[in-house]
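First subunit A sits with subunit B, and in the next complex the same chain sits with subunit C.
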Partner chain A sequence: MGKGLIVRHRSLLILTTTVTVSALTLSACGSRDDKSGGGDSGEKTTVVIGVDAPLTGDLSALGQGIKNSSDLAVKTANKNNEVEGVTFKLESLDDQAQAGTGQQNATKLVGNDKVVGVVGPLNSHVGQSMQKVFGNADLVQVSPANTAPELSQGPNWQKGDKKRLFDTYFRTSTTDAVQGPYAAQYLFNKRKLKKAYIIDDKKTYGAGLAGTFSDEFKKLGGKVVGTDHINPDDRDFSAVGTKVAKSKADFVYYGGEYPAGAPLSAQITKAGSKAPVVGGDALYSEEYIKLGKKNVEGDLATSVGAPLETLDTAKTFMENYKSAGYKLPYEAYGGYSYDSTWAIIQAVKAVVEKNDGKLPDNIDDTRKQVTEAMQDVKFKGVTGDVAFDEYGDTTNKQLSVYEVKGGKHKPVQTGTFEEG
Partner chain B sequence: MQDLPDQLANGLALGALYGLIAIGYTMVYGIVQLINFAHGEIFMIGGFGALTAYLWLPDGTGLAVALPLMILLAVVCAVLVAIGAERFAYRPLRGGPRLSPLITAIGLSLALQQAVWAFYPDAKKARPFPQLGGSDFDLGFVTLSREDLFIFVSAPVCMLALGLFVAKTRTGRAMQATSQDPDTAKLMGVNTDRIIVMAFAIGAAFAAVAAIAQGFKTGEVNFRMGFIAGLKAFTAAVLGGIGNIYGAMVGGLVLGVAEALATAYIGDIPGLEQFGGGSWKDVWAFILLILVLLVRPQGILGERLADRA
Partner chain C sequence: MGDVLSGGSDKPRLSERWGGFSRGVRRLIVGLVCCALLAGAAVWILRADRSAPAARHKVPYPVHSTRITFVRVFDIDAQKRSFRIELRAVTKHLVLVRRVTQQYEALTMELSPPQAVTVRPGQARRVRVTARVTSCRDLPVRARLPFLDVTLRNARASQDLSFIPGDRYARALTRVFRTVCGPVSRS
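This part shows the complex of A and B:
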């Protein structure tokens, strides 16, 4: 018996050692110090704009769109010599939609003394983990897709106590504080749908969206006939589907992203419910329709901004994106990513102009001044007028509703959210 | 509660799927006492095998033609990978410390997952899986979708075939003998190496069928689908009594029904509103597992765990 115990301990020791060693090896891969070799060629300074997005995994369709669109902005700036004497380079990192990885990436970008600004991330919970790292380093961050209000307005925004936590955080996307209620108003007033079944995936984005939707919908006089929470990694939602079907809800509001949203909607339909699934911008993806096929016909999604197809400013972007020959589409956040990147380029431009045509010698000064300049950046972007308010949020509060018709997201309404 | 029949059907469909995967855990454990944690990935590879067959066929091929080919290629892919894993990852370690093959299994699981992620075209995101289409079957008291029908037909057929195979054929009896006492079986002239390969292959074939069922059910296959499914199936195998093939199916069904009912009804119990719904179903399923193991440590149908492990 005693001997058996010793053997068991030794085996455990081996196991623990293996796990520890592999964990260390993995983390070492992440923290490798990168000095990008750009260097000064003649009088040109090369600076790096970082991109952080999920480039692999479930949400990679959106992430690759962000990366490519940022790349297009950088290439355009270099081609047009947008900032005299400065060449831009892109460094894109994969956060796999995980907060921990995002934070490591943030540290890595801060450690690279060529980086003057970062575009990203896609996910609100990842954004949350990166903010402090960038805040401490005075490195400006512009997210094309974070929609959780607390990222810019602080944790007590719902009680009216808005407080900006990080001067380095900006975003070109509208927040859930607007997106959820906008959907509620559309469904209640325009579609006359009164009974909602609300589901979320418990993530920062999903739960936040479902919360703001639910509040506004009840305020308008709508009835919530059921609520549920799902695990975003699950793919079997048949039991939830049956529940929805029996609840006789007019529609389902889902706070979450398309990888779980598409099978959820399909299984609600299969359970015999005619209720459309309505969600936020993370359902506004071609992948949602590819995965859900005809079972997601009639589903609705809101997205920030006006449909790119209707904006004159966006036409050039779409043409250039096409001719640049990227393999994957720009997806829901392409325009916002281009604008986020362009905002950083404009901030760098302002700093160069302020310092007699040069960037400060010290990277810390450069970052500080770029962050300050960002507050006053103003230009006509792909998605409309780009400018930031006192919290770092976009001043563009336009939203659109899309419906899946004939296997495509078709815009059905565009407008500006008004408190009601 | 008027949706009880529908929820039971949901649970049984999910449970039969878990059960089919659990067969692989339980057979391998019954014969070599190895928890093959890479089994979830074998399941996933079966799913991609079926998808490959479907993509090879010209557009518009009816599912009546496509389905047999999908099952065939799914089974072939899964079995080949499982046999390769047995030959190159587990056999060299047989007779070594119990933990070595376990760690190998975890490593193999990660390796297979990443291999599909890296080399299968476009597998970095979920790949859409063909759907059966057509309307549901309304049996009056319960509505069955065509997707569920696939698992309700294939699971009993598989179980019946396996039961007959193990009880009636020569190889099946050799399998039982090896499971009871490998050394004696060897002395009696049983080629135990071949029996072990057989156990891996049968488990893989069943997992491949389950992967098609899951593809139909959820409309997609992705490189991570084996992780959660494997974990659930392993739980099902333990719940039913690991080492017992019928236990695996019973454990799967109990687990599936428990999940469906927990999702549907726990939230209606006064005071438990917070703990109902899809996000808590796994917690309830594991509470059930713990309760069963407290009363019956050998699992629901388990027999002779005492002289094992």
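This part shows the complex of A and C:
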């Protein structure tokens, strides 16, 4: 009896221990879920991160990608309780790619005393119109897509006189100071294309990019066989197409965005020219291929960053974006938007930690401290290591060349700007 | 015989032990064991899921783990139209620098010595390149952003990348080209 009883009791003990451990594991999982769901019992402060981008109109594909990616970052931060005691909310505004609307949005965001930082905008000229409004309010702005160098380095950057005008302005994308010359070097030296026809849309981004490209291309010995300016709202470019075909250019460099770039390229092809159209990050969109169809095969675009597919940190982002069920793709700036939003979240976190676990009571103090904290923000983001230099520019200055092959943008070269 | 519990042969069988429990206890045990198994499986799946990407690709692509910066231009020989370039490579994961070139038509470049340079994590390595100007005609003297084509190989992949060393490198090249070719030399 004694032996049998001892064995039985020991079996029971083992079973009970296993079950208890499992139950504890389950209960631990359960309590984490509760917390991540935002249901913890502590008092929470809700702050708003603003997003400004073109959510309607021709550039809405890029704008929606920015908004959705920021939304994903906010949801992730709330789910993981990234900042103890703080819940983030997103407020997105549509600037329709118009400078005036962007400025109105900036004023509106400044007027909302819950807003602690703003992600956006897409367009450099819109960014320019917002900078002063945010600067006056000490409200930090992180653009995932502005590439015009003057936004961070001042109007005389090209003469070597770099001057930061707004301490509130930051960006996670690299600039046209690198993008234009890199494209020129690549096309002239690697592709051996020596004759260019240069077209721009007269906007801050387009004219600036075409300028940095043209300058380097000529210094390399390249020949500019023709130039033109187009109206970005036009869609009939047959006259320009004919001029390009007659010029015998090896390629066309277009400083502008995909809504005009795609029909321009298609009409150049239809005019009998085999010259590929090459442009910057604003041509690196699925919409460019959808609009131009087979006529844009062989066209090239440089874009900020290394291809996301080569980044292990980006894989989780891509999977989470997919499972979140957003209707539109994250597009060219998705990863950069996620990182811009995460940078604001990290700056808020630094302020909370500095102030004994809570944000300052006064919104002006909060904004000022968040802006100051942004300068020191560092983390491993979707697009690589995220940090900012003395101008508010990203320290991660990578960019890639993509070629349209088989109806997709395929990476053909990646470069890193590393000033020694 | 010692401790009878260690014997084994006279141990009651599992079915006998199971039969000794009341119906209620048996139901409870079955329920709890199922819960425990489910919990264990869930934890295992979650952990496996989280660690899977990291396990698959422990080493990042060379472009994300290696930094190459320009140090200096030296040994300029105007007669031979040659000069040397010193770079500094640092990496987070072991990498081989297999090739460094610049795609100018009038310029050749090769590693010096020609063997691939092994760069180990945490140890900065000097990479030296010998360059020769083959023709002073068409030499881009004032280019603002020349880049170097570098082939890197690590455990993950081999990549041909552009390293853009910036203003200081561009100015150094301009000085060398002017020294080697002279301000008016075009042959």
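Keep in mind that, in the parts below, the second predicted complex is superposed on the first by the 374 of 420 C-alpha atoms of A that agree within 3 Å, B and C clash if a C-alpha of one lies under 4 Å from a C-alpha of the other, contacts with A are read in each partner's own complex, and residues count from 1 in each chain.
By definition in this document, contacts are C-beta pairs under 8 Å (C-beta built on N, C-alpha and C of every residue); 3 or more make two chains touch, one makes a residue touch a chain.
Please read these numbers as outputs of a predicted model, since none were measured by experiment.
In the superposition on chain A, contact is made by A:Asp234 with subunit B only, not with subunit C. In the superposition on chain A, A:Leu311 makes contact with subunit C only, while subunit B stays out of contact range.
In the superposed pair of complexes, A:Gln185 makes contact with subunit C only, with no contact to subunit B. Of the two partner chains placed by the overlay, only subunit C lies in contact with A:Leu220; subunit B stays clear of it. When the two structures are aligned on the shared chain, A:Tyr330 is found in touch with neither subunit B nor subunit C.
Residue contacts after overlaying the shared chain place A:Phe251 against neither subunit B nor subunit C. Legend: residue contacts after superposition of the two complexes on their common chain; A:Gln413 is shown touching subunit C, with no touch to subunit B.
7, 11, 15, 18 are the residues of subunit A that lie in the contact sets of both subunit B and subunit C, per the superposition on chain A. By the touch criterion stated above, subunit A contacts subunit C in their complex at residues 3-4, 6-8, 11, 15, 18-19, 21-23, 25-26, 29, 178, 181-182, 185-186, 189-190, 215-216, 219-221, 306, 310-312, 315-316, 384, 398, 413-420.
The touching residues of subunit C, counted against subunit A in their complex, run 4-5, 10-12, 17, 20, 29, 32-33, 35-36, 39-40, 42-43, 53-54, 57, 60-61, 63-64, 67-71, 88, 102-105, 138, 140, 142-147, 149, 159-169.
Subunit A contributes residues 7, 11-12, 14-15, 18, 56-61, 199, 202, 227-231, 233-243, 245-246, 259, 262-263, 266-267, 270-272, 287, 290-293, 295 to its touches with subunit B in the complex. Those residues of subunit B that touch subunit A in the shared complex are 2-3, 6-7, 10-11, 13-14, 97-99, 103, 117, 124-126, 128, 131, 136, 143, 145, 147-148, 214, 217-220, 222, 224-225, 228, 259-261, 263-264, 267, 276-282.
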